[in-house]
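Multiple structures are listed underneath, in structure tokens.
Each of the next two complexes has subunit A plus one more chain, namely subunit B in the first and subunit C in the second.
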Partner chain A sequence: MSGFPLRRVRVAEVEQVAARIKRFRFVDIDNAPLSQFSGGSHISVVMHSGDRLMRNPYSLMGSPTDTSSYQISVLHCGADSRGGSKFMHENVAVGSELEISQPLNLFPPVRLAKKHVLVAGGIGITPFMSMMNELDALRSDFELHYGVRSLEDGAYCKYLQSRYGSRVNVYRQDQGQMIPLDAILGEQRLGTHMYVCGPKPMIDWALQTAELQGWPQENLHSEQFSAPPPGKPFVVKLAKSGREIAVKGHQSILEALEEHGVDASFLCRGGACGQCETGVIACDGYIDHNDHFLSEAERVGGKKIMICMSRIQTGSITLDL
Partner chain B sequence: MALIFKDETFRDDFTYKNSPATIRRFPFPFIEDQYRYSVNIEPHTPGPKGSVYEFTFDIDEHYVSEMRDRAMVLQEDPGRCQALPHMMTAQWDMLELVMVSLARDYPDLFTLHRDGAHWHWINKPLNIDQKFTFGEVNSLPYEPMEYVGRQIQGDFSLQDQRDGQLWMDAGIITSQADWSLDFDVGMNFFEWHAPVPLAHEAGVFERALKFLLNMQIGQPVRRLNWTMTINPRLDTSPENYPKWGKDRTTVTPENVGEKVHLRVELQGLFRLPRSNAILFSIRGYLMSLEQIVTVPKWGRRLPRVLKSLPPELIEYKGLARYRQTAIDWLEKYDDGAPTSPGGGPD
Partner chain C sequence: MTISTIKSRPIYPGLSPDLNARSNIIVCDKAGAAAVTELFSRADATFAKRSTVFIADALQETEAATARKDLAPATLEILPSLSAGIVRLREFLDNAPMGLRLYAAGTEPLIGSVVQAAADYGIDHLSIRTEHRGSLMRRVQCVHCKGFTENVTTNPVTCSHCGLTLFVRDHYSRRLAAFQGVCIDAENPGDVPPMEAIYQ
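== the complex of A and B ==
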């Protein structure tokens, strides 16, 4: 089982919601109802740019019970982008057609929680949009702490404040405001869960702050919008077929395999779901494990690699494929 | 498709029997002449017309009588249906999946009209006509899982997904093969599977859980499981053990063909959209050895399979007391000819 069945959608609306962020609304090409989903879910958007195929995950931010359309928000990653977010911003307009996957949730709110503390940084607000919608409908207790560079850079600040009132707290970096996480976490009652989504340093900081306060691991949740980091080119040898495939500097192993027509299993393409786990038969270089799935022991063991995210620095690697 | 519902019992006088057409569609679980545990999961895509895989949920001639038996079990022991409070969204997800599927697949038997949250459900075989508000528990006579659970063959459990685990936090279980919802409720995938021998060591459960955690909306899967039951009794729960445990000692060479039943569970697994929970359906099929051997391939294969079982499995499935008697009786139907691959009749 590799990949997922796709459905064709048409872009019904595009709106610039912040300096570098656009909101897109998709409807089914035949106006058929879309699946409902759970708060925190994302879809993969398939983009054909020239002869390149990109599949980027984007969080669903509309109402989970709205089956008429899906909405995502995309940050323009600028010069850093290999193309996906740039393509969305520059080539996708009302009427464009795209393919998307079914919703997948790797960041669900825990229904047993007494309370939910949501911590967002920048574009990391997106999964919380649907999550808050759901929590609000369930009358669950939650509060949002949302850090933005400025009001021009932060999406949906006004909308969220008018909809959820004092449960939403916005912190503006340009005014020197910081999320007072130590104090926020310090005053929570037992049974509260914390969720963080944003840049990696922010996620690390939030998790560390909570851990130092003695929060149990199972009450801490994070989602990182990772994309496969680039590196040097290298060669992958496939043990079963005997093939050798070159991975370019800007490609992930998974992308290189797909380009050469090798069928490999995947789901999230962000190093979180575990679906692309692949056995390592031999490796004469050092593996950069960029996923969030393998345990420390598994990394040290060197017998497994998540091919959607991880690569090697030098040499070659032989995979059980 | 004109189903004629039988009036029959699964207790006391045990009048349950399969009609000849039902025998042919029995999901015989053995695809070769031996059996061992494996991660036998396949996509739950529509199967051939008339087969038990044709539709999302299979309704057959035993429907009405099975629902009557379930009502009796729940009357005697309401603990067979339990849901923790955080599972309410999952309960509604399940109700929607069941009603939409049944109305689509069996339009002669079930109808569903939806106007926003105003739903109208008609179940002709059970004479039910219910208007209710989707999402409002008080508009139904029972909570949603119990409401539809009383109207669909098979047991159901609902698993919450959190901390990279599945938790059995709700279920309606009245026809199980010797496990208890009351005991398992609140447990995780490894905990409720703890009594199963051999499979943990073989890594079966680790791989199965990993697969289930990544299940996607609209892509259900299924698998078959089996055991044996004396008399066509649905309720072989630990709670009810005093009533059925002693049945195992009543098997003789004379009555084995009639008394011993192969019990096959067609298990379905569904990702539910709003709750992100997993629905597990356990649809049981019972057939006496007498009826099994009417299909020559099955008559040849079943004794071979029973001979191949490891002792741990014989113990776990509770077959020890009558397995040899069953093999001795079945071997009359095994002429030693090779069997074709797959479970279906030739």
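== the complex of A and C ==
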């Protein structure tokens, strides 16, 4: 179930690290040590914005062994935002108190890998911040390829280059620089794993490039936290309790259930982990599967939905809840 | 191959070509070579050209000639034994880059030895395409003396190191490339069921 203990934290520091990116540092409300985490982990931040409740996942960026504070970076998504990043940018300041979940890792580096090739686009750099910290401490072989719009838009470019030297490669879109992935993947030693985080088209491109180079699926890893895409309002019917709940246009099914006190199961809230998989008993609309978890066959089957990300275009859906 | 409720018991889905791999490295024995011929027939000619086949088995001269004909235009090397084949595979992998696909076809000791060696090079066992052909013989480790008994075709079997009578289980270790053998008459020494030749 969803009964993970939340933790109250206070914002100790806010820094504008790039044109639209702020870094937040959280400490425990009583200054108690936070949990250690592993490279690639994320937390969910609970946000009460007006009458809306959101829990957005953000990668942890600092050293995994530093229990004094957690750091996240938040990109202001502007007009595309559902409100989460806007809330963090506009309503959260030093001294603000927030609730966060315990760290969870759906994007860990493979310890048995001979080498790690990290591919980041924009805000997709964040999970690699803690991952590189961990790999560096383990003296593991890694290299980062980081695509940014410009040096003003890309966070931590200078920091990463000064800390990790030639292992960090930055590519600036404003100067027409592209990540030469074909060449990068073409000359890696056996046992190398590739990790990619960034916008969906970039992830798809990187995974496809690697596959066409003959890299096995087992060596390819990706993570993308996308907010649940908005749509039209629809109705969710709960078969077990007989309740009917309206899902608003900007809400996910999971958020609507939570607003009405239904304790549905979830973990990542980004369509990646599979925890919120829910049985579909009936549906008179078309399901937009926005997750990265269900197989193509399962999507076509129409018997399952990931309620953190997916919705129906119109009509009503009956869930096994 | 027998169906097992034991989770560690490997399954071998059969060889299928990875058309994207820049090179294909295939280890097989005499029986497995037939599976490789079939693999080539399911892909285009350039697939075989990109392939290197190590036959790790003692072949007669006529058998070697047949293999050379059947597996052309792949690069073919014939090694006299499984252990020689694994030494050759390791030598090959020492300098190999990403983009290769590994295949193994033949007995379980052959497939297991390939998977075991590949792990040292960071190759995930799930990325190796495997097909079981030929004998059902097993490599068994005695859980008591830790000695390995090769080419086991019976159950139970006598440990070739400590002499205990071992019940051959489906529990499998990828690290050891062996099934587990456990003393069958520990409670009542000498109370041993008849040996059955079930892994021939």
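Definition applied: the second predicted complex is superposed on the first by the 320 of 321 C-alpha atoms of A that agree within 3 Å, B and C clash if a C-alpha of one lies under 4 Å from a C-alpha of the other, contacts with A are read in each partner's own complex, and residues count from 1 in each chain.
Methods note: a contact is a pair of C-beta atoms (placed from the backbone, for glycine too) under 8 Å apart; a residue touches a chain by one contact, two chains touch by 3 or more.
The model shown is predicted, which means the values in this text are computed figures rather than measured ones.
Overlay done on subunit A, so just call it for subunit B and subunit C: clash or fit.
In the superposition, subunit B runs into subunit C.
Of subunit B and subunit C, which one touches more of subunit A's residues?
B
Figure out whether A:Trp205 sits in contact with subunit B (first) or subunit C (second), or with both, or with neither.
Neither subunit B nor subunit C is touched by A:Trp205.
Based on the superposed arrangement, let me know which partner A:Leu104 touches: subunit B (first), subunit C (second), both, or neither?
first
Is A:Gly214 in contact with subunit B, with subunit C, with both, or with neither (first, second, both, neither)?
second
Is A:Thr192 contacted by the first partner subunit B, the second partner subunit C, both or neither?
second
Does the superposition put A:Leu112 against subunit B (first), subunit C (second), both, or neither?
Both partners, subunit B and subunit C.
Quick check on the superposed pair: does A:Tyr171 touch subunit B, subunit C, both, or neither? Answer first, second, both or neither.
neither
Using the superposition on chain A as set up above, list the residues of subunit A that contact both subunit B and subunit C.
In subunit A, residues 112, 218 are touched by subunit B and also by subunit C.
Hey, which residues of subunit A end up touching subunit C in the complex?
Touching subunit C: residues 112-114, 185-192, 211-219 of subunit A.
Any idea which subunit C residues touch subunit A in the complex?
So the residues of subunit C in touch with subunit A come to 18, 20-23, 93, 96-101, 119, 121-124, 126-127.
Which of the residues in subunit B come into contact with subunit A in the complex?
So the residues of subunit B touching subunit A come out as 86-87, 89, 160-163, 210, 213-214, 216-219, 273-276.
Report the residues of subunit A in contact with subunit B in the complex, numbered from low to high.
4-5, 35-38, 41, 64-65, 101-105, 108, 110-112, 134, 138, 218, 267, 273-275
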